[in-house]
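Here the chain labels run A, B, C, D, E and F in written order, and each chain numbers its own residues starting at 1.
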Amino acid sequence: MTTKKFMFVNRKAPYGTIYAWEALEVVLIAAAFEQDVSLAFLDDGVFQLKKGHQTKDIGVKAFEKTWGALEDYDVTKLYVAQESLAERGLTADDLAIPVEVLSRAEIGKKMEEQDVLLSF
Amino acid sequence: MKFAILINEGPYTHQASDTAFHFAKAVLARGHEIFRVFFYHDGVNNATRLTTPPQDDRNIVDRWSKLATGSELDMVVCVAAAQRRGIVDDGEMKRNGKDATNLAPGFRISGLGQLVEAGIQADRIVVFGD
Amino acid sequence: MLHIINKSPYDRPALDSALQTGEGGILFTEDGVYAIAKGGAAEAKIKAAQGKFKFYALSADVDARGLTDRVMEGISVVDYGGFVDLVAEYKTNQSWL
Amino acid sequence: MTTKKFMFVNRKAPYGTIYAWEALEVVLIAAAFEQDVSLAFLDDGVFQLKKGHQTKDIGVKAFEKTWGALEDYDVTKLYVAQESLAERGLTADDLAIPVEVLSRAEIGKKMEEQDVLLSF
Amino acid sequence: MKFAILINEGPYTHQASDTAFHFAKAVLARGHEIFRVFFYHDGVNNATRLTTPPQDDRNIVDRWSKLATGSELDMVVCVAAAQRRGIVDDGEMKRNGKDATNLAPGFRISGLGQLVEAGIQADRIVVFGD
Amino acid sequence: MLHIINKSPYDRPALDSALQTGEGGILFTEDGVYAIAKGGAAEAKIKAAQGKFKFYALSADVDARGLTDRVMEGISVVDYGGFVDLVAEYKTNQSWL
């Protein structure tokens, strides 16, 4: 099968809307199709990666375990915008999984290298 | 005290229907009355009995249906919004020449007057949306 | 009156708009709770308005977003029952959707 | 019938979403129920009132005629936030119908006087 | 050139489905090919045949159905998103024990693999959402 | 690449985010077209970025919002066919939803 570079651009907070969750479902399928998958987290999308989500009282499934599953699918290219973290008072230590923290401009360059950009 | 609740978004996509549900249960637990829950805009999509959410997820439609029958809640779906989005009961099916219905138990379809009436009759109205 | 804000302060102008328009209480729900996290850019806005408004945040949403240990000072964290009490306490409320 | 003070708070741009349109449908019903109806336009809601919408190419019905109908329903209290107009480069002359331009703080005071606040 | 289109919002509430429709027509008018239109998130709600919009309004669902049959478009509705939101064809009705269907003509329900395949096969993919 | 923006610059950070991240072309559609109206606060942002980006706006949406006579200089107004041409011209595109 043809392999293309797929980037998923995540800019929305989790739980307030379902976009982050349903985006992750596409990521896993793209990985299962053995595509060259990367994820970019910008703006409120960085909140998806925050450690310690306790979602029992809102009654919605939490993300944290699914991030762990990404590695099993060989999805390891996770880019997080430094400016977006800083604006929200977060650092890489606050995130549930290891990521590469880049400037927006650097993420912009990664975007230019893609074949397919999907945003939800 | 008499509460009314307005829900403007459909199930799963926005948290509005979840928050409204937990709020409604808390209203009843506090001993207040719920005059009416009104579903408008995409909120009408909470009233389809055709959803099959994943087994490890909450069933938003069923939850509302059960709360309605258990607590005698009046849950009204706006007819104009329902027509635009394809929420249909027997009457609407006949009137609009459709071949199926999808309204879940515990909901009824009626006009926007029911929302205005809820605003008039209730002591408080709270809006859940996007 | 009670202002209910369910939008992230980084994504929508709901908080700014409420702060510039109203007075009374502000309850943060859903993605609105990001406003009360220590260290974020929104913290200063809340601090500046603490004379004019009382601030509340819904615990279920604070916990869901991993902010339990990061709630800034002067915010009352309430559960769904407390949400109901606030709506009852204030004569009117407005959701800044 | 009891008469209550209903205020509709419009903060969303038209056409990109249906909220403005479906809000207007409730306004007309509240007026038909002879309630004391007012409308507040804040933030992007002021764009709803802009003159000269030509919606043929997007294939969606325009607002302009419906604003005219408000007067027939005795809905005459339309408050528009001065700050929101100014930020968008608009003045009252750009609007399709006569309105009262107020500061945000003055609109806030009107909000405090209401029995029911509805926002979509 | 081969285009693919992804639609993430339902009819009427957001302009996404309108813009995507006008875009799709323009793609065909320019002599390009549309490999697939994929409906995801609330976009699946474009695929219900139960809507009855006001007579002076556009009929969003019908418009897609007609474009599909007239131009042999492949219009795919994500099965997981459809289950959450209550969009059902005969197969789904039987599988999930439902008592009605609502899928409009010209649409088919299938997996997310169809979206990934569209990304692989098409020269361009454009996303319409909120 | 082509950046597609369908959000009002007064309601969402989509334009700011695209300007700070990318380069190439920016096409405004739907409520995004408010960015190119003369006299609005967004005008200065577009002007400042005109060296780095080419700007386009979808005519159907410009007209729908009553902005036909208020399009600022340096914006190419295109119809749906022009939208298709832009997507074809740029190797990739990203919708800033």
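In this section, a contact is a pair of C-beta atoms (placed from the backbone, for glycine too) under 8 Å apart; a residue touches a chain by one contact, two chains touch by 3 or more.
Note that the structure is predicted; figures quoted are calculated from it, not measured.
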**Complete:** In contact with chain D as well as chain E, sorted by label, we have B, F
**Item:** Given chain C and chain F, the chains that contact each of them
**Value:** A, D
**Asked** Hey, which chain ends up farthest from chain C, C-alpha centres compared?
**Response** E
**Message:** Of the pairs A-C and A-E, which shows more C-beta pairs in contact?
**Reply:** A-C
**Centroid spacing, where centroids are CA-atom means, of chain B and chain C in whole angstrom** = 26
**Item:** Euclidean distance of C-alpha centroids - chain A vs chain D, Å
**Value:** 39
**Prompt:** In angstrom, rounded to a whole number, how far apart do the mean CA points of chain B and chain F lie?
**Reply:** 38
**Request:** Spell out, as numbers or ranges, the residues of chain B touching 2 or more other chains.
**Result:** 8, 12-13, 15, 19, 22, 41, 57, 80, 127, 129-130
**Request:** List, in ascending order, every residue of chain A touching at least 2 other chains.
**Result:** 12, 15-19, 43, 57-58, 60, 115-116, 119-120
**Request:** Would you give the residues of chain C that are in contact with at least 2 other chains, written as numbers and ranges?
**Result:** 6, 10-11, 13, 30-31, 60-61, 79, 93, 95, 97
**Asked** Between which chains is there touch?
**Response** A-B, A-C, A-E, A-F, B-C, B-D, B-E, C-D, C-F, D-E, D-F, E-F
**Message:** Touching residues of chain A toward chain C in the complex: what are they?
**Reply:** 12-17, 43-44, 47, 50-58, 60, 62, 87-90
**Prompt:** Contact residues on chain F for chain A in the complex?
**Reply:** 1, 13, 17, 20-24, 92-97
**Item:** Residues on chain D engaged by chain B in the complex (per definition of touch)
**Value:** 1-2, 4, 6, 18-19, 22, 25-26, 29-30, 32-33, 35, 115-116, 118-120
**Message:** Which residues of chain B touch chain E once you look at their complex with the stated criterion?
**Reply:** 10-13, 41-42, 45, 48-54, 57, 61, 80, 83-88, 92, 96, 98, 100-102
**Fill in**
Residue set of chain C touching chain B in the complex reads 4, 6, 29-31, 58, 60-61, 79-81, 83-85, 87-88, 93, 95, 97
